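Going in written order, the chains are labelled A, B, C and D, and every chain counts its residues from 1.
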Amino acid sequence: MLTIHDFRTVVENYKIVFFDAFGVIKSYNGLIPGIIQTFDYLAETGKEYYIVTNDASRSPMQLAQTYHRMGFHAVQHDRIISSGMLAKEYLDLKVNDGIVAYLGTENSAHYIERSGLQALPVSAIDEGNIDQVNALVLLDDEGFDWFSDLNKTVNILRQRTIPAIVANTDNIYPVSGSNNVSIAIGGIATMVESIVGKRFIRFGKPDSQMFMFAYDLIREKRTISKKEILMVGDTLHTDIIGGNKFGLDTVLVLSGNTLPDDAETRIRSTGIVPTFVCEKAVV
Amino acid sequence: MLTIHDFRTVVENYKIVFFDAFGVIKSYNGLIPGIIQTFDYLAETGKEYYIVTNDASRSPMQLAQTYHRMGFHAVQHDRIISSGMLAKEYLDLKVNDGIVAYLGTENSAHYIERSGLQALPVSAIDEGNIDQVNALVLLDDEGFDWFSDLNKTVNILRQRTIPAIVANTDNIYPVSGSNNVSIAIGGIATMVESIVGKRFIRFGKPDSQMFMFAYDLIREKRTISKKEILMVGDTLHTDIIGGNKFGLDTVLVLSGNTLPDDAETRIRSTGIVPTFVCEKAVV
Amino acid sequence: MLTIHDFRTVVENYKIVFFDAFGVIKSYNGLIPGIIQTFDYLAETGKEYYIVTNDASRSPMQLAQTYHRMGFHAVQHDRIISSGMLAKEYLDLKVNDGIVAYLGTENSAHYIERSGLQALPVSAIDEGNIDQVNALVLLDDEGFDWFSDLNKTVNILRQRTIPAIVANTDNIYPVSGSNNVSIAIGGIATMVESIVGKRFIRFGKPDSQMFMFAYDLIREKRTISKKEILMVGDTLHTDIIGGNKFGLDTVLVLSGNTLPDDAETRIRSTGIVPTFVCEKAVV
Amino acid sequence: MLTIHDFRTVVENYKIVFFDAFGVIKSYNGLIPGIIQTFDYLAETGKEYYIVTNDASRSPMQLAQTYHRMGFHAVQHDRIISSGMLAKEYLDLKVNDGIVAYLGTENSAHYIERSGLQALPVSAIDEGNIDQVNALVLLDDEGFDWFSDLNKTVNILRQRTIPAIVANTDNIYPVSGSNNVSIAIGGIATMVESIVGKRFIRFGKPDSQMFMFAYDLIREKRTISKKEILMVGDTLHTDIIGGNKFGLDTVLVLSGNTLPDDAETRIRSTGIVPTFVCEKAVV
């Protein structure tokens, strides 16, 4: 039988807490009730937080603003680590010039705009400029026409030997309605990858680079051991196995993707074992 | 080194020839030059033909008409075996009543229309009728809005424990333009299947049922050995491995998916070995 | 909630019954209690049976004898359809001469011994005879040294462009002990296939050819509709989806791989829906 | 056409060089000819090196000794980063007590021996101690009986919900003989993982943690930018995509897994593009 732990009792033993966003802090309905008091508690007790999210749909600044608009003012943009930031770092280090074609909204394209690079939606690529395309980034499932732009994406990758970067590894995300979901860009990426037969570069949990990015930000300020960090998430295949592999203690919360009735079965069938299970991330 | 055989010399030794359609008989440009004389030769020498195609976009009758319009009058509709016919047989045997939801054009829906069943496009499914949906069929990549209807498909399959049938196993098909392709419904099906985590039922080559369907039509008329049948196709992963597995001798033609320069490498790397390789299916 | 049907009430409506062997007729403990009276009932009521099994470890004759030794005399060898028989048919039709290398026991090699072919265990292949090897067949998980012969198998398939045939698609099979299993040759085949990157030819349920083989035997004697055949199995991924796809009504029994407590969850999560669920195949 | 660069010209522009071991520094025949002068050149020009290897068969100290015995004295054990070290870090952080069962040689077990943990080969696990097994580590393909111990491994993972750690992600490794290979523990791990249906934790290139481990060692001593590091490897799927993803410039050498004749085709078909291609890592 699954033991359900009290979140406050668990969190007391750590100095730093990493939170997943969707299903932990917020849902499609808004904030998870009680999450504001959790962040107040962290501030009072001198614990640091980071939000580690597979969300490349907008910048950390814009993500922070969506929290502020919901009345959750404690969230600072420089404590948000998004998978889009890793895609950006990759482009900074590895792509010097030319066009970066993307699938996603204009907001998401923020991650690829910098001097030397021209961000163009896939729909704007044609025979006249395809030879200048030096990378293709899959950022978000919205902002483009699936039929014409996914077919175009396949053909760009057949013509050009360039890196294809996926800035969000999720397959689905929850939307309003009874247990409904939407296909995320990670699911689309897997289809395109298998059709073109090429290997894509994926950023996002469970990959260690997400955790390393946050860990490095902390270490710039002070010495820390991985034993002092707790990762809190609602998804076994991203948050929990990723946190475990990076060497962190992990909490599975039951306020998102993993339902209370399924938690035990899923842990046993996947072999992905969180250090603790809590109802939600609320003290 | 790959030996290229003369098609007429090969075909002389068989009584019945199975042809794949796309890349063998026709391309996006129209008929493969010389194919009409091949069928004339078959008629003169008393050899039977069947066209065995992963095409569920329209009925055998409609498929035959497209050949007739191109001046290729030898093709009879009752010699065309399409993967859609297997999907239809499945529905006949296994689904007695209710709604069959589909992705595809109205033409493709022909395969699911019969007494007792109501064919509705996925876009027409809502909370009022979802409980009557008893099967979902993926027929064609056109005729629906990818964004809204693929998301809806995922949610129908999350809510209903019903069979999902894929009537075309191809991932891509060639379109006009320099070596360009389109994503086929088989590629889309694989994405949806992996997202919902359920097992779909696939009809089409390389599955044996396609070959069996043609083989049964022949046996209704007379006794035949598999040794007397030749399968001709342009794709190793569907036509050739499927034909081989069913026990037929196989010809790989280089007029479609497999380019002359790649044939040897692909045969060696996949381990899928045709009995013969010919330039095209032209005598 | 899952409805459990009475097996006799279900079987009354069919003229022919296909049975899986392991988990339906027998277990590692011997016969499933009551199975003899089921076969008596079938004989009394004039219903035909076939045993359709992914077992290539010995010939139908030998398989029948193991039943006879357990006191189950009703089983006739010509009513047993094994995946090994399909491998044999493939070799008959497609491999004319040379050596067929195999992994398995000497008993299993029976399926590849015939005029014109020399059956040699993989361990007997060396630089002197490798050029005559024209096919490789994976028959059984016993009868060879895994370390040396699996490594040798990989290297044979890297050197020779020949068909690799898998005569049993199962990944595991139950052995005595508390819920223990053994790795089957199908699981080993998947590893070797992914390591050499070539496409293997697999015979066994859920593939239609297994069902077609039995169906053809029946049709040689008389006319039959698929609606008159019932497939009984304990495994969703082989017996049930295979039977469904072939167009048969299916019974999932809970005496083998699928445990009573898991049945409902597994049906819902895989989307593989049997026509009926029964406790066991006992009238 | 593929441009082949001169290794010395390339390496001049970097301060630190990461080397893969097998196929770059050594082969099954011994050292790659000329590699000693490469390391002399690095020492003379004040460039640092690290050896980043998916080899968990022995400790860095033992690995260094094998180089010394071949007359290659420049290699220091503290410059060798093995995937076994990451497995060790994982156990240090995440497994507090009990038995760690392993597949591999006694040498490889070095990575799991520390206070609080008891390292036992899988063959030594039985009903008396299985309840104390808190992790299972796959270290090496030698040192155990494949048949009995792989079957036992499957059953341990069916009975216990514990992490399974793979300390080497490679599928194969070259051995002497004409282009021959052996199955590596990574290939075995994939089979066991798919059979038990659980998610394993993998350490080794292309995973970022390997590169991060080396990168952290450097940063303890001084400030460095990823732009100043060059990764040299012979394998696209591990060295090159891993290095690329971590943000490093990469060199593909043609002295190991990737043959000169195949390099261009493989780069184009996988979409994994090294920054440079050199014949070998020799100045």
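The rule we apply is simple: contacts are C-beta pairs under 8 Å (C-beta built on N, C-alpha and C of every residue); 3 or more make two chains touch, one makes a residue touch a chain.
All values reported here derive from a predicted model rather than from experimental measurement.
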Query - Contact distance in steps, from chain A to chain C - result: 2
Report task. Just grab the chain with the largest centre-to-centre distance to chain A, centres being mean Cα coordinates. Result -> C
**Report entry** Interface with more contacting C-beta pairs, comparing A-D to C-D
**Finding:** A-D
**Report entry** Inter-centroid spacing, chain D versus chain C (mean Cα positions, whole Å)
**Finding:** 39
Query - Whole-Å gap separating chain A and chain D, where each centre is the average of the chain's CA atoms - result: 28
Query - Contacts with 2+ other chains: residues of chain C - result: none
Report summary line: So the touching chain pairs work out to A-B, A-D, B-C, C-D
Query - chain B-touching residues of chain A, taken from the complex the two chains share - result: 145-147, 150-151, 154-155, 158-159, 171-172, 177, 179-183, 187-188, 190-191, 194-195
Query - Residues of chain C touching chain B in the complex - result: 89-90, 92-94, 157, 161-164, 196-201, 207-209, 212, 226-227, 237, 241, 244-248, 267-273
